[in-house]
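The structures considered in this document are given below.
The following pair of complexes shares a single chain, chain A, combined with chain B in the former and chain C in the latter.
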Partner chain A sequence: MKSNKFWIIVLGIIVTISAVVAVLFWQVQASYANIYKDGELFRPPVNLLAVTEPYSVMIYDGFSSGSDGLSSQSGADGLNVIEIEYGRVRMSESNCPLGICLHRGWVSGGIMPVVCLPNRVVVTFDGVSDDNRIDAVVG
Partner chain B sequence: MKIPVKKLTLMAILTAVALIIFIIEAQIPLPVPVPGVKLGLANAVTLFALFYTSEAGGQVQGFTLTPKVKPCTCPPASLRFFYIKDNIKYFSIYNVLFILLCRIILGAVFTGRPIVVVYSLAGGMLAFIAMVVMKRFVSDKQIWVCGAIGAVFHNIGQILAAIIITGTPSIAAYLPILIITGVITGILTGLVAQFTLERLEKMPIVL
Partner chain C sequence: MFALHNVLFKSMSNSKFTRKSALFRKCLNSFRLIYLVSAVVFSAAMLTGCADKQQDDRISDTRLLLDTYCTIVIHGDVSSELLDEAFALCAELEALFSITIEGSDVWRINHAEGEPAKVDSRTRDVIKAGLEFGELSDGMFDITIGRLTRLWDFGRHRQGDGSSGPTSEDSRTVPLSSDIEDAKNAGNIKDLLISEETVWVREPDGGGDTAWIDLGAIAKGYIADEIAAFLVESGVTGALIDLGGDVVTVGNRPDGSPWRIALRKPFGSTDEWIGIVDASDFAVVSSGTYERSFEKDGVFYHHILDPFTGMPAETDIVSATVIAESAVIGEGLSTIAVLAGSERASEYFEQVSGFICAVLVLDDGEILVIGDMRMLTIGDMG
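Let's turn to the complex of A and B:
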């Protein structure tokens, strides 16, 4: 049997490593957002740095329609509305029971995707440039 | 599997308690922007069952590799690693597993979300294995360590299930945050189980 001190150190190390990795994951400005439904990309990656007019994408009942005029077929059930602005994205509406995806608020990048597990909607980010990284840290 | 009535009754009570905790917890939304963060208080019941013994104080409560019963009536040698004394005073890990599975399946039925089964099952099984292994390395005053490790593995299991269901490996990026919250909530639920067991030992009623 190990002492309490040993276990506190072990758990402390686990938490510290996770904290460092988590901090690295959160702060990076992305240039592309990919919106997935049921693991499938249903519209071309959105270039976040080329968005001039904010618009939204609604995913509902097997279809997705954006206020930018682009619409396509997507996975089954669930209602999600994703708003897209210059450099950032948010889940603005969802019929999932807990609304965890809504609590994320505006997200401008990082490795951490915006996830709505009950409706299986995932927004991932990629494409990072150095000048944007500075913006992200300051902002 | 023959289970003494007294033990079966206690298992049923523990399942009911775990189920109630699980359902009430599912009704409370946490204002956290990360999916999968929760207190996981139902795990306290699993921990309680894993460390439970009806003998008051002074008894060895860990794994016993030599059961009291003669070899002919106990499980094959290959299974003996996972064997806690099979008499009324202890739960074997199969009993604990039974409590856990009942809670998970009934929990999904009562919360009305079948997808919950997949996440709970993946997390619950991994956490259960981790806690059974951890039980060999901790004393009965260190149940909180077991709880923390269990919670971390529960989150790992859930993330794996989420990756498979949504088909997006980048969900793994949530893991560091879930591990941090898991350690904190795991210590809390572990302490709940530990204090309950400590108080129970001092009680005049024998469960």
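Let's turn to the complex of A and C:
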């Protein structure tokens, strides 16, 4: 009896862990990717579903320059390159010692962000707003 | 949906099982009743849910005021009279601030021939705001360039359909350089005195014409803010005021999501954007060189005049959109950005507490974003 109970508990733990992992890595297609550096949003949220041409964003010494022609500035050093395609992003280069962020590969959404801890670069994902109408136009 | 359920019930009633006992039938009947009731309730909920989304519970109107198209959207339980009152306020303020309407406060200041003119307190507010931006920008933002703006008169060449891009009419003339020189050397901000009730443009010490005030670079923003304040005082919790590209938002959309404001691509077609702003309770204002402009003999002339040269500003900025706590701040800073160029713009932004974010489109096509960019999405091409 005792060993039965033990195995039930073990099974329960395994199921729980796999459920948590599944939830964390479950990639519901996100519409927005947010790139953070030192805890601050580094560039405007990227609408992944509106990316027509793949491009990359280089974050170096607190300065980002994107091959989409957009640049912005913030925080500390470190080198990261984030590639952005229709519907997905990946960390394609990083000078961090372990390169854990590089192993995530392409990510299209989910609640698990792409994280480069040493360089303090984080990419999170947001869902879709159901009403995409434009209320006004400026410029 | 209903048809399908009826078929389902019919086949169940006709089946052998339902005839077997009265008790079973009774059970089935009550089950059917519960099912029907819940189906009706569910469908009703679905329908009203859909209706909410489509009708959206908003009233809006677009009218031609301020030499442009003005749209006001209000949601919630309000009467259309409130819309009328908001537009009336807009027209009332235009009649004070316009440089061309005879008898306006600005017109009377400019035609007082060196004497103080009695004006509305709101006119003084706008002038004071204009002077603050003048001080901030080391004189680049100048509300005393009325003679220059009248000389160039870009207002005549506003395109009615709201599309961007320069007009290329042969009738357009660039003012004579001697006239520009005279207008530039007319009185300036130093000759402007504001008292409790009057605004006084004195005759300049060194001779020349008395300055003319032009509030065109800031008045629209002030009016948009005033309309927003009026609506909030009237109990409105959600509204959008769009005075030809000066947008102020109050609260959120009826569904609780922020208002979505597209940033038009400079020199692009009307439905090409460079990005979208999710706005709740703040203003989004653009200044662009393509707005009121023309081309003559291969040279491009736009309406944002540099008071030091008397000519259209020549910087690397094609358009500047500023997200700020008020439209006055948005108008002031977006104009200053175009006058100052991208390198100096951010040092002016930093000095204003109501500044939130700026999107600068440069002449090489690069887009520079400065400030808190959380509510901004770049890459939403119409």
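For the reader, a short list of remarks on this structure follows.
What we mean here is this: the second predicted complex is superposed on the first by the 105 of 139 C-alpha atoms of A that agree within 3 Å, B and C clash if a C-alpha of one lies under 4 Å from a C-alpha of the other, contacts with A are read in each partner's own complex, and residues count from 1 in each chain.
To be clear about the criterion, contacts are C-beta pairs under 8 Å (C-beta built on N, C-alpha and C of every residue); 3 or more make two chains touch, one makes a residue touch a chain.
All values reported here derive from a predicted model rather than from experimental measurement.
Once the two complexes are laid over each other on the shared chain, residue contacts for A:P44 go to chain C alone; chain B is not touched. Shared-chain residue A:R120: touches chain B; no touch with chain C. The partner that reaches more residues of chain A, of the two candidates chain B and chain C, is B.
When the two complexes are overlaid on their common chain A, residue A:R104 makes contact with chain B while staying clear of chain C. In the superposition on chain A, contact of A:A22 is made with chain B only, not with chain C. Common to the chain B-facing and chain C-facing surfaces of chain A is no residue whatsoever.
Remark: chain B residues 29, 31-35, 113, 115, 119, 137-139, 142, 145, 148, 152, 162, 165-168, 170-171, 173-177, 179-180, 183, 187 touch chain A in the complex. Within the complex formed with chain C, the residues of chain A that make contact are 32, 41, 43-47, 50-52, 68-72, 129-139.
Looking at the complex, you find that chain A touches chain B at residues 1-2, 4, 7, 10-11, 14-15, 17-19, 21-22, 25, 36, 38-40, 97-101, 103-105, 110-113, 115, 117-118, 120, 122, 124. The residues of chain C lying in touch with chain A in their complex are 53, 71, 73, 164, 240, 242, 245-247, 253, 255, 257, 259-266, 270, 273-276, 284-286, 288, 319, 321, 365-370, 372-374, 376-381.
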